[in-house]
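Here come two complexes built around chain A, the first alongside chain B, the second alongside chain C.
Presenting the complex of A and B:
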């Protein structure tokens, strides 16, 4: 092993400085500020600030709508991960088989990925509008769809709105994963097994596990954090507070309700949740995955 | 050399142009959009044309909530505007900020910079809504509305109803007829504002302890404890189940749209809503909001002022405040007040504006504008003309969160109202800690 030796002891800090500065300003400073907010009680303008201990945390834990948001966020991220992952995989497998016009299919399937969540929400808004929404009318004819008051219907609304765009992301990564599988492995398996479906589940899918694992994390973080714009442009958390994600609730309490203490405490709870999920995934799921 | 000269000439000419624009700038942030936002820009333009010392620069920040959040964020960053529009639900927060030196009260400003319009020039109900505990006016009344009942006269004629209902009892009596003809009898656009806050004022009932927060910092709301309020929502739920009342979610526009399209007979909205309806819906009237005859015994009481006021923010130069004082004076003139009243449907807020309207027989030409003044001008109320309750934006959210499960039958009316009380009490206590 050859070692690179720098003459100065400080030059490395010089090169690191820009990156560290960005981290400091955009990551560590806000985090410190969040902790400060979470443990103080203050009015909207920042006056009357006083140490509050765990009061803000007790406040959110005694709030039933916080648990509703927690429940919804878990359901939402699970369903979105499942739907986008499976549809993305199905489309990728099919697109991988196509011989003619391959790139046209690919481009069309990737396009929605480029659309901002808020725009997706506005589009979904049209589809689910009671006045001129196609899906609203379809579902309404099927079972009397009414998301204004029915929780299940509101779930369907935000799940469709939230999944559509994310299917594209799953599609791209699964397609890339499929194309990375060596042809020889596939050809060898064809000799051993005739069944397409069985071959997929025993050979192709296990080889896609690293991609799947990666996408599960991506989809969960997407449902947790990036769906904010979708919720804000579709149900705004209604009915009740049944379709508020944790991020959306923190936003409403912090910026509309001007209660920074509660919003800060909620942000810290979210940090902890994400930490737990990530540790769990790397500890227990990753161990079962073989990279090559 | 030639190049140098031309650069020099260019620089000099720039210096002169920028010189001629060196008016004192006054920033005014607002939370209206669409047509109402255009009118605000027009007011600023008129002021800027009327003199050449000062320039008011209006900036729209989105909704009321957005503007309030933006103003607070700007203040914390030391970059606040001079003048900002904050809505009724934020009034308690803004009044409480005078002692912290965030907000300069109107009367203090008027004294210091000699505004020719004094607080008594504003009509009492509106003045008191934005005043502190001692009755000193803090916010400067601007767009003052209240909730009104809009009626589609074509539908009423079709089903043979001659008079618009004055009471909820009358409405209940005619709802089936309207429903049978294939129309939605009733819609409304804001459950916390119209059917909570203004339900209490319309029936002369106290909404929170501490005399609506005017005598003491409130600690709880009186939703479940008020028999009439429980009765009202029990009826609303019954109407919803029968189809007399249609709920179209929380969005203001979604509830208004069926009415504007001629599918609903009555809609409760803001006094400032008719601008968008004029020319779209051919035959409608604006009327006072109904009340329960059984609750008030036939008496009518005024509703609270809705809408927003402008608030003077601290931290700018004398010269700029002089300009702002001029602008406040300009906006408080009878002509501008009536202009704004006429354009938007918001109430005239100055005595001068009202007198001017009477002198020129304004209401004969435009009867739409009359209901708001009539309803706000009612007398005989024994409760304060507003409420001083902090964290109110969040309490409105709590109200919404419980109305929906109540309507869909997940929880009973009593449960929903006690949930609202519980949620509100927590938020009120939280606010009291920051005072």
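Presenting the complex of A and C:
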């Protein structure tokens, strides 16, 4: 390959500057600021701050509502990963079998992916509205649905709101994964194994493991971070703080409660949690996966 | 054995595998296979050969059950298998790209079909180990396919088929992904194994050398239609159609467009006496490059335009009128490009085809 040489030593910085500036302002500076906040105690009116060591961390560990948020986030990300993964896989397998109108199904199933979480939340609002909400009425008739007071009902509300859009993401990747499997491998298994279900679990599913692994990470990250808009437009953490995710709690404590120190400490804790989960996944799950 | 019917339902004597008026039309209207009938006997090694897209693979896949049959009937060992699940037809297939299960070890690849048929662990162990020894892959049983070479993968794919001990082996161009040396080696091995086990086999290829060397019988297919069925010798020495004449044999048979009057073929200003009394307005006269007899007192004279040296043989390219032809002769003869040479064309060695329908006269 031919190397293009520029005479100036500075032109590269000039061209890189816009991107670097964006990273600097929206990524690096906030990170530094977060660390600063996490180790300082602010005056509630913003007049001053002082170094606080690990006080902010000790404070969040002694705060039972932090553990509530922690518990909810874990449950939420687990359930969302499970639901979106399994429904996405089911739809992908079915759509992959369709002979006629394949692209129509695909397009329709991918669409929700393009909707912003906050908009999804507003739409879910309608479905769970006490006055005219379809799902509210359905569940109410079944067992007396009341998400304002009942934690389980509130979970159902945010889980349905949070899953819908993410099913599309799972669908796309699983469909791509299915199409990447060699056709002759499937044909060989058709000759070797009569049962469709057995064939799926012994051949197709193991070959989809790289996709599944990728989607588990994507789904957990989504449930952790991207559901902020959904929580904010649906339950707002109700009842009590039972449906606050860690991100949502950090936001409420920092910007509504103006306790930037606690919010900073929570953010750093979140970073550590994500780090641990990712390391765990790469260590213990990835080793069992076959990549082609 | 000839297939006969007294009435529509009673069969007297059947071949091992019978294809009856098999037609395949794809949903988009393409006719891949057209009214093909074929009988294959137990233990036979049959090769389907033809250019790519001629329908040979489709035919094989219909026998395997991977492709629906639009029309016609396939029966194996006396049972119609049209609507029988591929896994219950008792056929085993070896694919072009091997189609090994990438997430399974060699052992599990070979054992998979047996496990699903409810065979005991001990028996599976014995069978897989025996076949692995036979194919000399017993050292590789714990490896994954990604850790194997092309030739080894090919062996595993064969092992997966052999271990099932099926009624019929189906090979779908299994050698075309191998390099030339390995291909020759595997070709011999497949032939040896087939003889040893005596299992009926169908081998699909576009390579006429593979077809000639492997098959007990060859089925030449073109455009979804069987052009000729016969032993390699029959096909080579007496091609039924112009297509078969051109397709089988290397270098390709020379075909001269000519007019035949009273048993004399007119090719440009050359005359060849056929010693009969045929009259055809539009004919093709075929002669294999090695059937052209070069001698100093030959009747015809031509100029060698190009000489290809192949070691023991050489191929001379020349022209009669504006029609090119080639002849193959021993490289001991001293002939260079630009030289003239004399030759004879014997009427007993020519193949005559009618150009209007391409069939042999």
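FYI, the second predicted complex is superposed on the first by the 264 of 292 C-alpha atoms of A that agree within 3 Å, B and C clash if a C-alpha of one lies under 4 Å from a C-alpha of the other, contacts with A are read in each partner's own complex, and residues count from 1 in each chain.
Please note the rule applied: a residue touches a chain if its C-beta (ideal position, glycine included) is under 8 Å from a C-beta of that chain, and two chains touch if they have at least 3 such contacts.
Just so you know, these numbers come straight off a predicted model, no measurement behind them.
> Clash or fit: chain B and chain C on chain A?
In the arrangement built by aligning on chain A, the partners chain C and chain B fit side by side.
> With both structures superposed, pick whichever of chain B and chain C touches the larger number of chain A residues.
So, of the two partners, B touches more residues of chain A.
> For A:42, is the partner it touches chain B (first), chain C (second), both, or none of the two (neither)?
The answer is first: A:42 touches chain B but not chain C.
> Per the contact definition in the header, classify A:22: touching chain B only (first), chain C only (second), both, or neither.
Once the two structures are laid over each other on A, A:22 reaches no partner at all.
> After superposition on the shared chain, which partner residues are touched by A:116: those of chain B (first), chain C (second), both, or neither?
A:116: touches no partner chain.
> I'd like to know which partner A:182 touches here: chain B for first, chain C for second, both or neither.
It touches chain C, and chain B stays clear.
> With the two structures laid over each other on chain A, which partner does A:191 touch: chain B (first), chain C (second), both, or neither?
second
> Return first, second, both or neither, reflecting whether A:203 touches chain B, chain C, both chains, or no partner chain.
In the superposition, A:203 contacts chain C only.
> Could you look at A:134 and tell me whether it touches chain B, chain C, both or neither (first, second, both, neither)?
neither
> Just how close are chain B and chain C at their nearest CA atoms in the overlay, in Å?
Between chain B and chain C, the shortest C-alpha distance works out to 51 Å.
> Sort out for me which residues of chain A touch chain C in the complex.
Touching chain C: residues 99, 182, 184-185, 187-195, 198, 202-203, 206-207, 209, 290, 292 of chain A.
> Residues of chain A touching chain B in their complex?
41-48, 52, 59, 62-65, 130-131, 147-151, 235-236, 238-241, 252-253, 255-259, 261-262
> Quick one: which bits of chain C touch chain A in the complex? Just the residue numbers, please.
27, 64-66, 85-88, 91-93, 95-97, 99-103, 112-113, 116, 144, 146, 160
> How about chain B: which of its residues touch chain A in the complex?
Interface residues on chain B, with respect to chain A: 65, 68-69, 72, 75-76, 93, 96-97, 100, 102, 247-251, 254, 257-258, 261, 391, 393-394, 397-398, 400-402, 404-405, 407-408, 410, 419, 423, 426-427, 430-431, 433-435.
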